[in-house]
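Just below sit the structures, each encoded as structure tokens.
Note that chain A is present in both complexes that follow, paired respectively with chain B and with chain C.
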Partner chain A sequence: MPSPPSGASAWRTARLLSREPQISTGRTLRFTVPDWPGHLAGQHVDVRLTADDGYQAVRSYSLAAPAEGDTVELGVQAAPDGEVSPYLADVLPIGAEVEIQGPLGGWFIWTPRDAGPLLLFAGGCGIVPLMAMLRARRAAGSAEPCTLLYSARSPDEVWYARELADPGPAEEIRLIYTRQAPPGDPRTTGRVGAQDLAGLPEPGSARCYVCGPTGFVEHVADLLQTAGHPRELIRTERFG
Partner chain B sequence: MSGLSPGFHGRGRALVDRLPPGQYPTESFPVLSIGPTPRVTTDHWAFTLTTETGSRRSWTWEEMMALPQERPVADIHCVTRWSKFDTRWQGVSLDVLLEEAETAADFVVAESFDGYTTNLPLEDVTDGKAWLAHSFDGYPLAPDHGGPARLVVPHLYFWKSAKWIKGLRLTVQDEPGFWETAGYHNYGDPWREQRHWNDA
Partner chain C sequence: MPHDPAAFRLDGNALAGPLAPVFALDPTTALRVCPACRMQATVGELHVYGPEPGLTARCPGCSQLALRAVQQPGHLWLQLGTGQGAFRFTLPAAGG
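What follows is the complex of A and B.
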């Protein structure tokens, strides 16, 4: 298990560089963080906001990509009535600052040194840390097979749609629509089922990462175990 | 701190005396765990106390349920920054389970059915500070929240409150557990904000 980089507990000033819409409530935010120590795919950061009277609020957000120098990319989904996420998603001006602490998390991580097929299961905005793994894998030119199974309500709820439409070598993207599918999708809409797992690499060799709402994670982890995937190779991260 | 987060006003100042630093209150009960939820049935359940000399004492589910029951109400604080006020549990005080143990150990390791471990000083799980809990809000504890039984140690970050607990091991030396070897603080006091290795 890797050690967290020293200084992970320090708060660093982060300047908002750009904001890009992903879905109606989801944004890609890029921050410049001087002296960023680097991070592993799957890790997250804490973001701290400070009001004029000194009141502070902190929330965790997943890193969506490998670092590019001092630039980090976060995926932020605006939670209804949220205290922090709607502000980050729609209010924080470009060029303004927040504070960031991290990288955090030493378990739900993947590095190109982790051998064997890679299976990624994303529910909704649970795609964000898994996208970091997919991108890290692409950047490393890994030849191991990788499947991303991504469950979304409808086509306009799919993050990183353009990037996912162009799979890399040995990479398969399976989009599972739960409410509304695009015209011509042969699959009946509905939550992920055992049949959606057909043709995946043999249980016992593949590392499985599952991220999303609790109901999705519980369900997929059960499906994987029923299909014979050993629990030691299933790592989970849950939102909400 | 001017210049940071322009236009951010926030909320939640009203609860500030019950909220440890860096936390926010939640009404929901988020679930965090490292892997699949183990399905443990009460007829296969046992709780085992192991001392530093290797002597063991086990309780079946029925034996545990026959022990004196307590109904603690407590605020809980997760290192992922949510806090939940007035959570209502039912279970057995660890004082009852540790009562007859002959030990010179100063630490315990909580061990779970899924292989998870977490370490605590013995004095943090005695004198009415920790419970083996099997009910939440008057109902049997759901599997995703650690059912059939979990540890509840409200005064420390909630990763110390091991889900799906199967036993406690008394140790003379402190033995860092799962998260404690993966970058999280060895003790985990929310009021001192002991989240990570480098925190004081």
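What follows is the complex of A and C.
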């Protein structure tokens, strides 16, 4: 018999504590996970649902904030034809249990010990793991400059809007609207371009994290490399 | 070429969970040098297709097959590289 799993490979029972709307299809879900070992900003969990007939489905969701004891916060966007995400986003009752494996992933992570300016590029719900980095940075009182460039379709598609409207020290938030901008926004709507990267810290010093749909990630990673940012300092995560 | 950019939706970060039961260390930080194009990439940087019927990870430079992971109840099949054959790991009982 295989030995019992421990650490990140263990499946833990998680109870849904609260659900908070972020955008029309995006939710913040908080779960209580007994004996949660803690996690780093950028990590994710796999969530496993088991139907009455034993059928199981597993999907990955990013952790949106540093752990508070046994409580973890996930960002869940309901995919239009999704098998799991619409159920998690809107149906799973408060108090119900799912299984969670994690924390997972050691590549797309940032810790306050990582020196140098921090550049975060979010496309849509790709904001979730980057929000964890921003929150970890605020919690640590980091003095390194940080810019979040967040591409959203329209103002009502912006996650964490209230928190982002109040930037912390040495922090800059750039909102890029692709379809509809708020009145008075001087920028013409459209996807991120080289001009949106103006005034960022020098290439070679800044750590770049890019998260979002594959097209967004590839496009921004190309822009960054064209601007001189070395590939070793660009980390990406694609959401399906 | 099986490489279809429209079908490619994930990256190697998504392999962390499926591979966690068989690696003592997080596999997504492991470095791979592609034998075909010599590009260096961590497992987290590989291009991944899936999730059904399994996860297929390819070199981000030339899309050569890097690994395949297929889950079935109680088992994980893992193929490393382009060679024939795969390793079947028996997993701990579900729900454990």
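To be clear about the criterion, the second predicted complex is superposed on the first by the 234 of 240 C-alpha atoms of A that agree within 3 Å, B and C clash if a C-alpha of one lies under 4 Å from a C-alpha of the other, contacts with A are read in each partner's own complex, and residues count from 1 in each chain.
To be clear about the criterion, a residue touches a chain if its C-beta (ideal position, glycine included) is under 8 Å from a C-beta of that chain, and two chains touch if they have at least 3 such contacts.
In this text, all values refer to a predicted model and were calculated from it rather than measured experimentally.
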Check your understanding: Is A:R238 touching the first partner chain B, the second partner chain C, both, or neither of them?
Key -> both
Practice item. May I ask you to decide whether A:E73 touches chain B, chain C, both, or neither, giving the answer as first, second, both or neither? Key: neither
Practice item. Name the contact category of A:V58: first (chain B only), second (chain C only), both, or neither. Key: both
Review point. Between chain B (first) and chain C (second), which does A:E144 come into contact with in this model arrangement: first, second, both, or neither?
Key: neither
Check your understanding: Between chain B and chain C, which makes contact with more of the residues in chain A?
Key -> B
Exercise for review: Please work out whether A:W107 is in contact with chain B alone, chain C alone, both, or neither, and reply first, second, both or neither.
Suggested key: both
Practice item. Name the contact category of A:D46: first (chain B only), second (chain C only), both, or neither. Key: both
Exercise for review: Name the contact category of A:W11: first (chain B only), second (chain C only), both, or neither.
Suggested key: second
Check your understanding: Which partner does A:T214 reach: the first (chain B), the second (chain C), both, or neither?
Key -> both
Practice item. Would you tell me the residues on chain A in contact with chain B in one complex that are also in contact with chain C in the other? Key: 1, 3-4, 8-9, 46, 50, 56, 58, 60, 99, 104-108, 214, 235-236, 238, 240
Review point. Which bits of chain A are touching chain B when the two form their complex?
Key: 1, 3-4, 6-10, 13, 46, 49-52, 54-60, 83, 87, 91-93, 96-99, 104-108, 214, 218, 221-222, 224-225, 231-232, 234-236, 238, 240
Exercise for review: Quick one: which bits of chain B touch chain A in the complex? Just the residue numbers, please.
Suggested key: 1-13, 22, 24, 28, 30-38, 80-81, 114, 144, 179, 181-183, 195-199
Review point. Which residues of chain C touch chain A in the complex?
Key: 5, 8-14, 16-18, 20-21, 26, 28-29, 42-45, 51, 90-92, 94-96
Study note, to complete from the structure: Within their complex, chain A touches chain C through residues 1-5, 8-9, 11, 44-46, 50, 56, 58, 60, 99, 101-102, 104-108, 214, 235-240
